[in-house]
Structure formats: C-alpha cells, structure tokens
C-alpha cells in the first residue's frame, strides 16, 4: 500500500452505473520523508477520509476487496485513515499533532 | 484511477474476436496541476466519451468489471466522464467551463 | 493497452509446459508521437502479427483472457493488429500507408 | 518479489474492518548492490519481521495468497525474512553477519 | 514478459509456509540491446535456470499460473530459459553461442 494525502475530489455524473454512490478522492502520494510526491491517484473512499488527512491506498484487484465493491471497475481505494507513521522509531507523522 | 484527456482513436479490424464492437480511445494522462503528461493509454470505452473530454481511467483487472467485458483482454477502460476536479477547494477543471 | 511495434522473436525449448505452441514476439512500445520508446515487452501472439507491424498489447491478467490462455503464465499478449491511429483528427499511423 | 528493509510501522484505528489485527510495516526497497532505494511500501506482515531486517515483499493479488488474507484489501505483503542474498556467488547480505 | 539474466539466489528459512521448497532466484532485467538494466526481481523458479542464463519472467497473477503455485504469494516467476532472441532478423542472443 502507499501513504497519500487527501488533496481534493472528482465528480462525475456520466459514469459506469456501478460507480454511483462511490465518493472519489484526489490523493497525492507521500515519500518516506513525509514530502508530497508529484504523483496522484483518484481513489474510491468508503472510510470517510477528510481533506489533508494522511490515508493508506490499496491498488489493483485489492481495491475491490471491500464490501459492495467486488464488481466495481475501481483500481484504487482508501483503506485506512492513518494515525501515526514511525520511521526508525522516530515519529514521522501523527494525526493528533496535525490538529493540536 | 487516473485522470486523462481523450486525444484520439485506434482502429483495428484484425483482432481478438471478443474485442469486436469495443471502441478504443487514445487518452493522455493529466497531472495534479491539469497539465498533459508524456504518458498515454489505449482504453476501451463503453461510456461514450468525446474528443478533449477529461475522463477517469481504470486499469488492470478492474478494467474488466464492466457489463460484457468480464472476459475481454482489456487492461484499461474509461469508467467516467469527469464534470469537475477540485484541489484544496480550488476548481482545477469544470466540464461546463470548457464549453462556455 | 499500449501501442507497440513488432521488432523480433524469442525462442525457448526449455519452458513451462503450458507455453508450448505459443509464439513469443519481442515488441517495443511507441509514444503518442509515434516514436519508439526505450521499453520493450515479450508478448504472446495468437493474432499473427508480423515484423514492423503496429500492435495493441494487453498486460496483467487481461493477457490471459484469450481462448486457451486462461491458465498460462503469460502477462502480456498481442490483442490486435492496428490499422490506424488518429490523434486530434490527424492520422498518426496507417497500416496501408506503410506498405504503399 | 522485491527485497526491502523494514524501516518502521504505520498505525490506523479508522480503517476497513477486515484490516483489523493486521500489522502494517513501512519497508524501503533495496537495489542489487544492497543500497536503499528512494522507494517504499506499506506491507502487511504475518511473518513477524523486525526493524532493519531484510524481507521479501510480494505485491498485487499475490499479496492476498496468505491464510486469512484472501479477502483483505492488501496489495503488498511481507512473505519471508531473508537469511542470505548471493550475487554471482558473492555474499551480498547475511542476516547472521548483521547481528554478530 | 521480461527478459532477464540469472544473477544469484535468495535464501529464507523464516517464511510463508507455502513458499517452502520454492527456489528463489535473483534476476536482473535486460534491455532490447542486450544490456543489463539497473532493475532486478526475485522470482520463483520451477524450470531449473542456472547462473548467467537468460530467462523469461512473468509477473503479477500470471506468476501463479504454474502447477502447484496457484495459491502461493509469488508475484514473479521464471517461465522459460531462452534459447535465442532475434531483433530485426539480427541474432541478439543465442544460448549455444554463450557456451561455445
């Protein structure tokens, strides 16, 4: 999985019928130093992530292993909202710290 | 999924029989600033996207999760025509604005 | 899918039994300007593509969605021989033009 | 599969229910000279790898081929803790040597 | 599929049980000129490839389409030992020539 930051949303009314009701988030990937990478993805979201939150993205067929999405043409999905990221026992990111 | 712009079409008469009747679009990927990337894909289209429209592309096995395509050797598919893309609450793209 | 040009062949006698009888083509990818990219693939071919022809390559599990290949360890397959590629209504490639 | 070094952990309480109980490791990929690459992955771990250990990572649908993970939205998994890596009969890495 | 050269081996005793008995080779990819690329993979081997041999690697779910490997968490597999590679009717590689 990859760590990404929620940067925005994508809206479409003219789409594959099975995508109706699926929220589409624009997320940007983050490197192991916590910096934004020039790489983004549009991911389905059933977890309810908010703008600027760090999330975990699963891609490929894994993205469909969520209740109700098994038959959806989705290749990227938010699977978790991240609380903390530790690198070599150093706290790289903490959701609480972001909102103090 | 990735955001892309419809740039053209690919036509083939000598092909895998199950691909008959599938429209093939040449799409070029767009970055998070809305600029064209030097990366393209040939995607199947069952949604009916037009030239220059921004679309959402699903790749891998997700591309087959569309009615009638489950057994087709397709690894990229247009799954939506995009209305708007918002980044940090700023409108990056709006289909309506394009055609005013 | 990706557009590629047939550049050569790969032959192997010592291989996974289910690959017997499968023709293996060396193809090189082409960018949206029609230029060869420094990226190639070895793809199975059940369509009968010839040297220098432009073809469409499907990769991943899509490559197995061809009659007889469902259980083969193949991750790239020629799925079509391309007749024309149009970009912004400009003819980028035409098979007929190549052989006039 | 890819060789990677365990660099840290990712913790999430607000996640896809099926991910509960799955340990998430932050791993960084290693090249064929044994140097860290600027590429990381978040991988599930059912093998019990420790910080700084070299591990083998499987990605894509292969990551779900582990007992209990078949239906989890996981696209990367630790599948082995590496004892030795030999390149051209030269010992590139030995777990024992690391802890002498 | 990709062409690669066998460069070494990876050994692990502490691993996912279904990987027991699977030989793991370190292979390095080769470009269309026959030069080594700075990209490697660890691949399962049921074909019996030797050091320095050119092999064909299948990745993704295709890597599991080998007898006994359907349920193994393997995402890359040696599927053939290459005899010859021809590019534009020029012999780029011949196994026999290597061992004359």
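Labels A, B, C, D and E are assigned to the chains in the order they are written; within every chain, residues are numbered from 1.
In this section, contacts are C-beta pairs under 8 Å (C-beta built on N, C-alpha and C of every residue); 3 or more make two chains touch, one makes a residue touch a chain.
As the structure is a prediction and not an experimental result, all values here were calculated from the model.
S.K.: Which chains contact both chain B and chain D?
M.R.: Expected: A.
S.K.: From chain A, count the fewest steps through touching chains until chain D is reached.
M.R.: Counted as steps through touching chains, the separation is 1.
S.K.: Would you mind working out whether chain B and chain C touch using mostly the same residue numbers, over half shared, or mostly different ones?
M.R.: Chain B vs chain C: different; shared/all numbers falls short of half.
S.K.: Which whole number of Å gives the spacing of the CA centres of chain A and chain C?
M.R.: Chain A and chain C have C-alpha centres separated by 34 Å.
S.K.: Averaging over Cα atoms per chain, report the distance between chain A and chain B in Å.
M.R.: Going by mean C-alpha positions, chain A sits 21 Å from chain B.
S.K.: What residues in chain D touch two or more of the other chains?
M.R.: Residues 60-61, 63-64 of chain D each touch two or more of the other chains.
S.K.: How are the chains arranged in terms of who touches whom: line, ring, star, complete or other?
M.R.: Graph shape here is a ring: one loop, exactly two partners per chain.
S.K.: Under a traversal of the ring that begins at chain A and continues to chain B, how are the chains ordered?
M.R.: Cyclic order starting at chain A, direction chain B: A, B, C, E, D.
S.K.: Can you list the chain A residues touching chain D in their complex?
M.R.: So the residues of chain A in touch with chain D come to 1-3, 31-32, 46-48, 56, 58-66, 77, 79-89, 92.
S.K.: Can you name the residues of chain B that touch chain C in the complex?
M.R.: 7-16, 18-19, 24, 26, 28, 38, 40-43, 51, 60-61, 63-64, 71-76
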